[in-house]
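In what follows, a structure is listed as structure tokens, so that the remarks can point back to it.
All chains are identified by letter, namely A, B, C and D, in their written order; residue positions are counted from 1 within each chain.
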Amino acid sequence: MEPQPTMPEQTYLDAIRSGLEEEMRRDPAVYIFGEDVALGGPFGVTKGLAETFGANRTVNTPISEATVMGLAIGTATAGLRPVIEIMFIDFITLAMDQLINHAAKLHYMSGGQLKIPLTVRVQCGISGAMGAHHSQSLESWLAHVPGLKVVMPANPADAKGLLKSAIRDDNPVVFIEHRGLYWSKGEVPANEQSVAIGKAALMREGTDLTIVALSSMVAPALAAAKELAAEGISVEVIDPRTISPLDIETIANSVKKTSRMIVTHEAVEHGGIGAEIVSRVQQEVFYYLDSPIVRVAAPFAPVPAGPTLENKFLPNQERIVAACRRAIAPS
Amino acid sequence: MFVIRHFEENLVALHDRGVFGGHYHLYVGQEATGVPALACLRADDYLFTTHRNHGHLLARGVEPKKLFAEILGRVDGLNKGKGGSFHSVAPSLGFLHSSGVVAGIIPLSTGTAYASKAQKNGRLTVCLFGDGSLEEGAAPEAFNIASLLKLPLLFLCENNGKYGTGRAVAAAQSSSMAAYPLTDLPKAYKIPAQQIDGIDAGLVHATISEAVEKIRRGEGPQFVEAQTVRYPGSATNWPTVPAPTDTALAWDVSQVPENAREWYRSADPLLVYVRELVEANQAKRDEIAALESQVKSAIAAAVDFAVNSPYPQPEEAERDYFAKSPL
Amino acid sequence: MASKKNNSKEVIALLRRMWLIRAFEEKVSALYAERQIVGLLHLGIGQEAVAVGALSLLRDDDLVYGGHRSHGHAIAKGADINKLMAEIAGRATGYCGGKGGSMHIVAKECGFITATGVVGGTIPLALGAAFAAKERKKRQLAVVFFGDGAGQSGPFHESLNIASLWQLPVIFVCENNGYAEFTPLSAHTKIERLAQHAKTYAIPADTVDGNDLFAVREVMSQAVDQCRAGKGPAFVECLTQRMRGHYEGDPAKYRELSQLAEWKKKDPIARVARVLKNQKALTDKELAAMESEAQALAEKAAAFSLSSPWPAEIEVDSQVYAAAS
Amino acid sequence: MRELAYYEAKFEALNEIMTGDERVHLINGTFLSLSPHRHVFQNLQKKFSARMFAPPISELGFCGLATGAAMAGLRPIVDLSTGSFIYEAWPQVANEAANAYSMSGGQTRVPVVFHLFHGLRGGGAAQHSGSPQAMLWNVPGLEIVIPSSPRDVKGLLKTAVASDNPTIFVDHTRLLDVRGDVPENDKPIPFGVADVKRSGSDVTVIATSYTVQVALQAAAKLAKEGIEVEIVDPRTLVPFDLATILSSVEKTHRVVIADETHQSCGVAAEIAARIAESGFDRLKSPIRRVSTLDVPVPYSPGLEAHIGPSEARIMDAVRAALA
């Protein structure tokens, strides 16, 4: 393939676009399907791809999530490597049957005869008072489904690297972007560098306590760690990056060192991915734990639209710091 | 119509001033559909609407100040700040639920109609949705059930994609709906369907009242597609106001920016209606101008009310996700 | 041009294939009654003319998608009945190693891509296959089978819309047996003919007697020619009846026996046999031989399956994810 | 005490509910899946056919219909039959029914019941053995009921219909023929009250749905080894009765969670996380989960049996907890 200019600083959104562009150039079997994708999509992630690769490889679809998901799966059974964009993760509800009953299961049910190299791009999360139909974080549904892989990049480099791995993977991978991160900037290493699915990232080293933070919560977690460092509390921050398969080893090893842990994500706490992480960790390293693992996540309520309610709803640096203090000195 | 128009124009201003952040959709350009259509209904009828719901709520008599407050996420809002623009409701007026999911309400509307039929209370359900909803499988599923059960249900499809711009082009029959005309879809289920000009207030009123009568007579569901022209201000992701509405524009659009002028000249249902009234000598220009300035100041007051309304207590975020149950 | 295809030599081969399906399914039914096979079984006995008629006109590299009642479709596309029966019996030697079962048959080697347990579930998948075929410009087709029950599901309509918009080389074959699970179609929709829906979306559609092998082939050959020529999708509705209940063990009380007696007259196999006899292409003796031949093959498939090993428990968590290729 | 089969108790409840409240409509299904006891449904049909609707195969359509009807004052009970089919209705259940009350700031109530059969049924394979309740536990606004005995199914079904919230009623085909005591005119069972199905002092086994029955058998065998297991059945996931569980843990200090949803992000994960947070100091060994292995449900009987929360796996986990 022809060389691309390296891009030291890039937004999360541009990183995803260049990831798509490089993969489409690398492999003619990569196709993009979605509402308005040929026009760039609602946030401009696919901007310019139709011009470069043609409208036949960047396909505008009707608003028919269920069928377009099935269609993409079908192209995969016939040898393409489809990337489907679902405009908001809230709308993945419309495609649940195709995703869960077909994409996730066809390889297994067929005894390995079929492969489904499908990438499902969705964006999630709270950003801009959009209310309970455009702000949800639904990743734990998908992490509950054997046969799906689920990644949630928290920075531009991971976004690009994981997207490449997702597209090259022979399994259905749900690639969950966070709308609030689209315009955040970060260093993006040279092209063709992919980030392995299923590997957590150590974002900050520490000895007293481990914070496991996902997607939009990584930044506040790092800020909390800074804040606590000033008080002499050394916090380790880990970003799992992939929630299925989960890199429990990296997390467990960290807890062996720190003996204390909190988990934070933007999704509703009940039935969230945090529950799985807590269960696994306490099972693996129970005897290392000095205090209960605390979850810092959204309350058990639909996302409210009003900005003040939204702020209350969102887990934040303040709540993370408070949880850390509780973990360090259990009352 | 003035209320809706000036409500929406003020909303754009509020958004541009950063008073609220959420995504929102304007009803500008469809006033001549919503206002006369909803005027044909009984006070106890049910209505379901979508993300483009402001005009429907206002046409049905929602206080502008309460809708402003909801969109601004204030405690005095219709939903106490929990719904926002997408999900504003007014159960006392028959709006039980507004969905932000395309076609989300179409199956729901068969439910209230089913209930009315079961309870024999003569209440009718109106399902208001855009042409894009017909691309979702939920629509044919609901058409089939409504027809099968002869439900008292009016499907009012507001197709603002007529010679539209932006997304509307992508949404025009040619590129994302093979069925043409759209009325073939309900007709396939033996649901009587007609296509009308949604800019013609008189025609809309006549058509809808006739359809409503048939439904009340127990003839089952009806489908009406009202075609309007996409408001140039809705062309992009974030709405704009090419030119603030004023009665004077009905006769002189020279002040309107070139690219939007044609819409104001020929496709703005409000200005069309104003001209009709004057030409039919049903109202004088200055009377209409006076009415408009009344509305303008009423809307201005509503804006003040909403802007000064407090935000709800943050703790509210964790309330109201369960109704109190008897046990 | 279909008539050309109907030389008696070929028709004999088709009859043989129909007998094979019938014998296979009757054997499966018997094994189920003996509890030698468990699970949810849906048999298409009486619908053989559709499967054989429709698929006899395809190329080997065409892609076929089925539903929950698809044993016959797989056999008609050339599946190995030993591997098929073994799969239904949950054995290691089955097409899917015992992981799929009756409703999830996949016989990729012969172009039967997948069945599904979800009503209408494979219709969108077939669109995808057609899209890929179109892109590859190999004039491949996708064919998807589904029952009238799928006609009331949203994805069915979304699929007709997209297939028509994008002029995809896909043939929708609706087996209208008049029953959606346990309920007559009339209780589910006011539409008598599902072909009407295709027409709404500007897809050429035909309705034929699905118990008439020749009629099915006639209409299907037009659909295949049109699709192959890149002229977009086609819809073929075959009116037929299943002799069995919705699933094995379903007492099927909701069907009057008179209907069944009526049906027996229309038995697609008997009808083809009659034609061949009148043409003097086959004698009663040869016909009987053909039947017992098929039954012998079914018996062999059963013996193969029941003597096959169960899958090893270690298999249980293999093939959840595909290894990197 | 009067003994009934689970399916009899369930239909006694349905009959009393339909008789007592004309707002109740039954939509789709027989509430029996493919069980042979169809006559009980047919009896109900004879009495209430006017309040029953057998819709087309349009899960999305008729779950939306039920939700809308509930908004308008009916109390529909939808039978999705096979649990996996709820994925087709997901937008109406998780996006509309669940959110309506909150999004409307408490104005619009949705008293609908979505009934489904989950879990391993014998040959259901990957698409007819789904257990969607763990995902639904992540959806605020839904109440989740998951009975395990004849008495519970009757008492909980009544409460579900009386509730003003959308309720997921998670049933299991393998429970239908289980027999147990059901007192005449028994009271409805309130949500959020766990039930100790067996008391013991050594290990707390938290079990749900059919797995409660499996755990009871396991407990009987373990008793012979001198291990006394306490079995706690939450009966409802939302609301969830953590207090009863914690007081059991107070006594046993050891926990095994047996449940038929897949392990990752499953029901057992959430329960384990809550105990690990609130009961950490009472635990003497790690909480162990006995869930369905993280693979699509295989068809072949041996494979299917292997992945479920079997008696043997529960017994091993209990022994491990004590080791």
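One rule holds for everything that comes next: a residue touches a chain if its C-beta (ideal position, glycine included) is under 8 Å from a C-beta of that chain, and two chains touch if they have at least 3 such contacts.
Everything quoted here is computed from the prediction, not taken from an experiment.
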| item | value |
| --- | --- |
| Pair joined by more contacting C-beta pairs (A-D or C-D) | A-D |
| Chain separated most widely from subunit C, comparing mean CA positions | B |
| Where subunit A and subunit D are represented by their mean Cα positions, the distance between them in whole Å | 30 |
| Inter-chain centre distance, subunit A versus subunit B - centres from mean C-alpha coordinates, in Å | 36 |
| Centre-to-centre distance between subunit C and subunit B (centres being mean Cα positions), rounded to whole Å | 47 |
| Where subunit C touches two or more other chains at once, by residue number | 96, 98-100, 104, 116-118, 121, 152-155, 158, 161-162, 165, 188-189, 320 |
| Junction residues of subunit D - those touching two or more other chains | 55-56, 58, 60-61, 84, 88, 91, 95, 99, 102-103, 125-127, 140-141, 294-296, 298-299 |
| Where subunit B touches two or more other chains, by residue | 77, 79, 81-83, 87, 99, 101, 104, 135-138, 141, 144, 148, 175-177, 319-321 |
| Subunit D residues touching subunit C - in the complex, by the definition given at the top | 34, 54-58, 60-61, 84-85, 88, 122-128, 293-296, 298-303, 306-307 |
| In the complex with subunit D, residue positions of subunit A that touch it | 66, 90, 93-94, 96-97, 100-101, 104-105, 108-109, 131-133, 138, 140-141, 143-147, 244, 246, 267-268, 270-276, 278-279, 282-284, 286, 289, 291-295, 299-302, 304-305 |
| Complex contact set, residues of subunit C against subunit D | 38-40, 90-91, 96, 98-104, 116-121, 149-150, 152-154, 180-181, 183, 187-189, 247, 249-250, 310-311, 313, 315-317, 320 |
| List of subunit C residues in touch with subunit B within their complex | 152-158, 160-162, 164-165, 188-191, 196-197, 200-203 |
| In the complex with subunit C, residue positions of subunit A that touch it | 31, 56, 61-62, 64, 66-80, 82, 97-98, 101-102, 106-117, 146-147, 149, 169-171 |
